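Sharing a structure below in structure tokens format, with a few things to ask.
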Amino acid sequence: MGNNKIILYAAILAITVIAPFVFPAFGTQLATLWLMIIVALTWDMTGGQMGYNSLGNIFFYGTGMYVAAAVTIGMVYDVGEYTSAHGGGITSFTDQQYFTGMFVGILAAGVFCSVCAVVIGYLTFGLRGPYFAIGTLGVAIAAGELVSNWDWIGGGQGIALPVYPGDLDEGKVFFYFLFALTGVAVFLFCRWLYQTRFGAAINAIRDDEEKADAMGIHTLRYKLVTWSMAAFFVGIAGGISAFQLIHFEPLETAYQTINLGIFMVVCVLLGGKGTLWGPVIGASLFHVFKEVTWNYFLGWQWVALGALIVVTVVYFKDGVMGYLLHTKPEWFGVKIDQKASEETS
Amino acid sequence: MKKLSLLSILMASVSLLFSQASLAACDEIHIGSAISLTGKYATNGIHAKNGYEYAIQKIKDAGGVMVDGKCYNFRVTYYDDESKGDRGATLAERLISQDKVQYMLGPYSSGLTKAIAPVTEKYQIPMVEAEGASRSLFNKGYKYLFAVLSTSEQYLASAVTLAAEMAEKQGKKASSVKVAVAVENDPFSLDIRAGVLDDAKKYGMKPVIDEQLPRDLSDMSAILTKVKLLKPDLLIVSGHSKGAATAVRQIGEQNIKVPMIAMTHCEAADVTGKFGATANDILCSTQWAETLSYSDPIFGTAGEYEAGFKKAYPEYKDKKVPYQTAQASAAVYVFKDAFERAGSLDKEKVRDALAATDMQTFYGGIKFSEAGNNIAKPMVLRQIQNGEYNVVAPSAFASHELNWPRN
Amino acid sequence: MSDVIIDVQGVSKSFGGVKANTNVSMQVERGGITGLIGPNGSGKTTLFNSIVGYHPIDGGSIKFEGQEISKLPVQKIARLGLLRTFQQTRIYGAMNGVENMLISLPHRKMSLLDALKKNTREDYERADQLLEFVGLYEKRFLKSGDLSFGQQKLLEFAMALMNEPTCLLLDEPTAGINPTLINGLIDRLKRANEEFGITLFVIEHNMRVIMNLAESIYCLAHGEMLAQGTPDEIQNDQKVIDAYLGAH
Amino acid sequence: MSAENSNGSEEKKKAGGYHVGGVETVISVDEVTRQAAAIAEDITLDHLDALANNEPHVSIKNLVAGYGQMEILHNLDLRVGKAQSLCLIGPNGAGKSTILHAIFGFNRIFSGKIEIGTGSDMRDITRLTPNQKLSQAGIAYILQDKSIFPGMTVEENLWMGGFLKDKPQEAKQAAEQVFDKYSRLADRRKHKAGVLSGGERRLLEISRALVMNPEVLLVDEPSIGLEPRFIDMVFEILDDLQNKEGKTIIMVEQNAKKGLEFADIGYVLVSGELAIAGKGDDLLKNPKVGELFLGG
Amino acid sequence: MDQILGNIGLLFEFPIVNFKIVIDGIMIGALFALAAYGLALVWGVMNVKNLAQGDFVIAGGYVSWWLVQHGFPALLGVPAAFIVMWGIGWVVYKLVISRVIERDLFTSLLATFGLAIMMAQILNLLFGSDTQSVDLGYETLYFADGLIDIPIAKLIGVIMAAILAAGVIIFMKSSRMGQAIRATAQDARAARVLGIDTEKVYAFTFSLNAAICGAAGAIIVMVWVIQPFYGITHSIRAFVIVTAAGLGNLPGVIAAGLGIGALEQYGAHIFGIGYQQAIAVMLLLLVLLIRLIQQLRVRQVLK
């Protein structure tokens, strides 16, 4: 790692740490930014690096939310009674119940989601291209519909978790750092993963899976492992979101297919697919764009977002990173062999 | 007309940008509200927003809010929650931490209120809400949440009582009444279902159909076919505006013969305007009706409120002013009352004043229970009779006889 | 000469009623170079695809090192050490030569934990050696998509060697290559066979190539096995001449 | 990622255990190109005109063309006379197909001219669209392989060949003439083209281009993917079209031997420039060409 | 569970209900089939997977609804929506679709998704989020003691859908543009060589698709309700149908459309209407799974 890189990383880390204290009012937005980074990075693991464009990663987010909530509540109350519309009684959690529940719940969310990824992957990884995208989208939509009809977990009523017990601003910072830690962990994980043989193998799957098959690469195994790693982190992010949002319901919050489910993809495309920094940059740009439009284009923000998606996908296909790679290759240590590039014509 | 509403959104956003500069004489009390300007609740969200704005104007015209001898006007910062819970929660956070609002007006729908209430509670921001009726809002022990409207289990419960009365009049047992319930799968409608089933149980009635409507409902013929087969005596439908519209249309189309049909959101869906005679004899629950005899010094009588509002918002001139608008205005009025009684802008004092509210308004009596819901105002049931909404229950308010059975 | 590595017995395959292979039997000897020729439409590619697992067969059996593989999918067969190259070469065009080689490490011999390690120095060295072996060392950092078709074929061949296969199936290795390159390629194939001990099974269109390369040649025509023998025998077989050379 | 490694030593490592290919056996396309450039002759326009019997029907003058920003052909000249056949050979990527694309209007022309006709009839057709090339300039393009419409019948495929005719009826009549000429196709007219054999497909591809009755045929690798006896059939058909019907043929052929045997004129192309031009038979005999492209 | 058994019991207790369900399903399915055919067309011809399909349908519905609000007869809505959506389709093609044709398959999916979001929101801003419908005021025909009801409006809708479908079939078979579309779908390069302006063909095909969707929407608004955000469900159904039927197979698309209409109605009857969307999606997954298993038998994957 060069000196410049170390400085860059240190600077980013410093900003990450001080951000919630410098901009206390924006705590929640900053936390959401990390959420976007997490889901974008994990989406890119399968989408950008492995070539499997899932539209259903939101499934893990929603499932993570519900698993975290169910586990946390289940450790103290009967979930069915807790969620029941008739449920009388005001519920309360002690601090210890809250934090133990949160720890176990979030972890369980991650683990459960990675198991789900293996099961779903087993069925869907035989699909290619648009079929995979639509198939996974279908899984996410179906899951949302089924959960919304499942009374035990609250059905369409949704489910409410206890409020953070401590001081309010402290709580905000707490959730910010939960997200930020997860985000940094995902980033470092991806950075390491893409340098291994495994990383090269999933790139091979992306570029030509038939060839990878023919070379004896365990394509299905690698695909399942990749997706379940991604699902683990998304599940954790979902679990944290559950505690941060306190109340959530299946269709619009948990399995929000056409919101976060698509946004994560747009973030990646905006930043540059198949790159390490692309999803991070894309998520940041997208988040800012989103917040701005919905401040100043009240009512039109969705039109603006739709337009952003179209423009990104259609006119800006390689994203920010792709653009930089084209125009400033020297930033990335790529040497252009003048002679070689002439010969290739 | 639609263009107008579009225009009003734009105007609102523009005025939002410049409003700081334009107001002078009185000081401001800054209130925040996340409301559905887009998404599936947009229509009702806009109704509510108009209600808020109308009340603010009326209060301003009447001399503003007098707190400890000083005059104030309300100013509301709105954000669009896109009819989505997580959005609403984020926006509430934003209103509180970035825009520094100290008081909140509620969003539209129980689902959104459910998402926002934990946030306001967390920050101890008093919120008066007018559009979240689900009683599950009021068993969480929230101390900063106040609702001017009746809780949703009451919406159609009186229909069950009516059906029981009718059965007894026919010399049958109340328990012989067969009830069919089709409600949307959202917090509000599920609550209505719970209320209806509770009441039905009290009479020993049997639900023969108990199904949930999907959120993007466009066809309920599958349920109506079962209705034909199982011949219930009472059909309950609840699914916001689109549920009402779809139900009335298909009930007419499929010629459903049920002696009594009761639903919510008839006015909001404008079923009389859209479907004419088909809508006749349908029972509609309402929080408020302009024919009721409530009144207060700011808005006058219920009828005067209706007239005044139509004048201020001409796009409503051909239809009923929906109760969603009236209760939104009432919520603002409750704030005014509480501020004046508190005699301070301190939010804890205001909260206590809110809790002690006991007032009469054009919208009805308002007195909050421990849990924050309004216990001073009954729901009324109106029946569409020849295109007119006539109050038929409870008997104390009834202006017309119930037409039974429906044909 | 009895060590058979690929044993095809009575394989039949038809597509929508059209018989592509009828009762084809053949053997590939371990350690040798076996050729398969036949005119277009004679069922060569069908047989090739049946062996590598691209489609199911209607009847018969295909054994690799004694194991029945006719029901296995491509990747499982590849993982047994039976590798193939593609007629329209398939390399990773967006990556450079070295990256292509490193992807070709024998993943079938790796556990998941091995795969989660970075490439070792030895891996890089081996990649360089093999690239040198096919004459692409100087171009190893060029984007492989920019290489010429012939160079891509060589790269694909090097990738196959990197994978340490037991047996390598080559689908028309010289198709679309400039004739001048062919001599060099034949040389490399022979050396891969001799020095690395890889069994080669080559499907070819070009008679000249196969006669120089293979020790044992099978000839297919109309989906049936027409003849088998040494290059000399095949060249002088009247049936082969009739079927293959048409009017000539 | 790999960039770190690129700093590694450029000198050849002695590979442990393996033979290192000696210079004499290193196979390289660049080497071919170098050798081709070495044998390149100075080609004069007079020479080209002479090959086209001084009556060129298709002339390309100083053509610079390519795709997008990439320039592939550099100042290329070409002449072919009426009812003559020209075969373009050369290594992969030399720009052979690009010439056909340029003539038909499929790629970008930076500068230069493409003309058709002789003397006063000469027309500049550089900027015509493919559509106009076919309908106005009488140029038809016959693609490599797999260009039939598999879901349509043989008959419909031929009708599509006459898509640019004013009336569908004319296309059908022209198709009938083709059927009269090639009874093999007529026998299968109601069959789906997808079930035809390789030779029949190629025949259909060629005959489909004849429906518009073009004067110039651009033929892209007619022998690719065909078994030997069909290759002969294809060249017989082309021969018939050239000599009996007076079509001008410009062909790209990988199988240089076959192509030069057939063609009146042969051009050897290297890196987007003309290296050798001569009569087909002469080129066949040219040892340098033979060494380079004919496999010795 | 009891409810499901009870609902199944009803099917046997009143066998006539089965007719009712099938008839309802077919009437709805006919409209699904139209949008699905448009999807199959653009998918087959230019390899664009249009996720805005449902939003074209809804937009067509609003065109018709708007006309009715302004005093035009409802039946005029169908041709009007056809024409207006043709124009919108053309604009969308020029601005967006023409740039995604040659790109990888995910691009078109996502670009059209962005389009879908935009369209839904613009419709919401223009027409409000209420459900809307056009009441033709026609009678309903009743059979079997009123158990089977066929609103004449629906009957007219189905007939119009059939006419439209027939028109498209004839157009594709016999017109020159139809032939050009088919040729382009099978081999665009060969079509270009024959002088077919494939760019024009693409623009035409996409506009035609939008127009078909628009007409379908105009029919839907007469027999059902529309709302700006209903597009996605129509899109999903179109994908279910095309996936089940395969591309370039109009009879297959129609059959699958009708079948899915009926299956959905059965599902709604048995499991409850709340599962209607889930049923549509489950059907999609089921179809994909079945096709996948079929492919596995030939040692391949579903591309």
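As written, the chains take the letters A, B, C, D and E, and residue 1 is the first residue of each chain.
As a convention for this text, contacts are C-beta pairs under 8 Å (C-beta built on N, C-alpha and C of every residue); 3 or more make two chains touch, one makes a residue touch a chain.
These figures come from a predicted structure and were not determined experimentally.
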Chains contacting each of chain B and chain E, listed by label: A
Least step count from chain A to chain C, where 1 means the two chains touch: 1
Relative to chain D, chain with the most remote C-alpha centre: B
Rounded Å distance, chain A centre to chain D centre (Cα mean): 52
Whole-Å separation of chain centres (CA-atom averages), chain C against chain E: 47
Gap in Å, rounded to a whole number, between the CA centres of chain E and chain A: 32
Whole-Å separation of chain centres (CA-atom averages), chain D against chain E: 45
Residues of chain A engaged with two or more neighbouring chains: 145, 148-149, 195, 299, 302, 335, 343
Junction residues of chain B - those touching two or more other chains: 9, 38, 83, 185, 212, 214
Multi-partner residues of chain E (at least 2 other chains): 121, 125, 272, 274-275, 277, 296
Residue ranges of chain C in contact with chain A within the complex: 52, 73-75, 78-79, 81, 83-84, 86, 90-95, 99, 102-108, 110, 112, 114-119, 139, 141-143, 146, 159-160, 163
List of chain A residues in touch with chain C within their complex: 193, 195-198, 200-201, 203-204, 207-208, 210-222, 225, 335, 337, 340-341, 343-344
Of all residues in chain A, those that touch chain E in their complex: 53, 55, 123-124, 126-131, 133-135, 138-139, 141-142, 145-146, 148-149, 258, 262, 265-266, 269, 299-300, 302-303, 305-310, 312-315, 317
Residues of chain E that touch chain B when the two form their complex: 3, 7, 10, 13-14, 17, 20-21, 24, 28, 121, 124-131, 133, 135, 140, 142, 146-147, 149, 151, 153, 224-227, 229-230, 233, 265, 268-269, 272-277
Chain B residues touching chain A - in the complex, by the definition given at the top: 9-10, 12-13, 16, 37-38, 78-80, 82-86, 89-90, 93-94, 97-98, 111, 114-115, 117-119, 121-123, 134, 136, 139-141, 184-187, 190-191, 194, 198, 212, 214-215
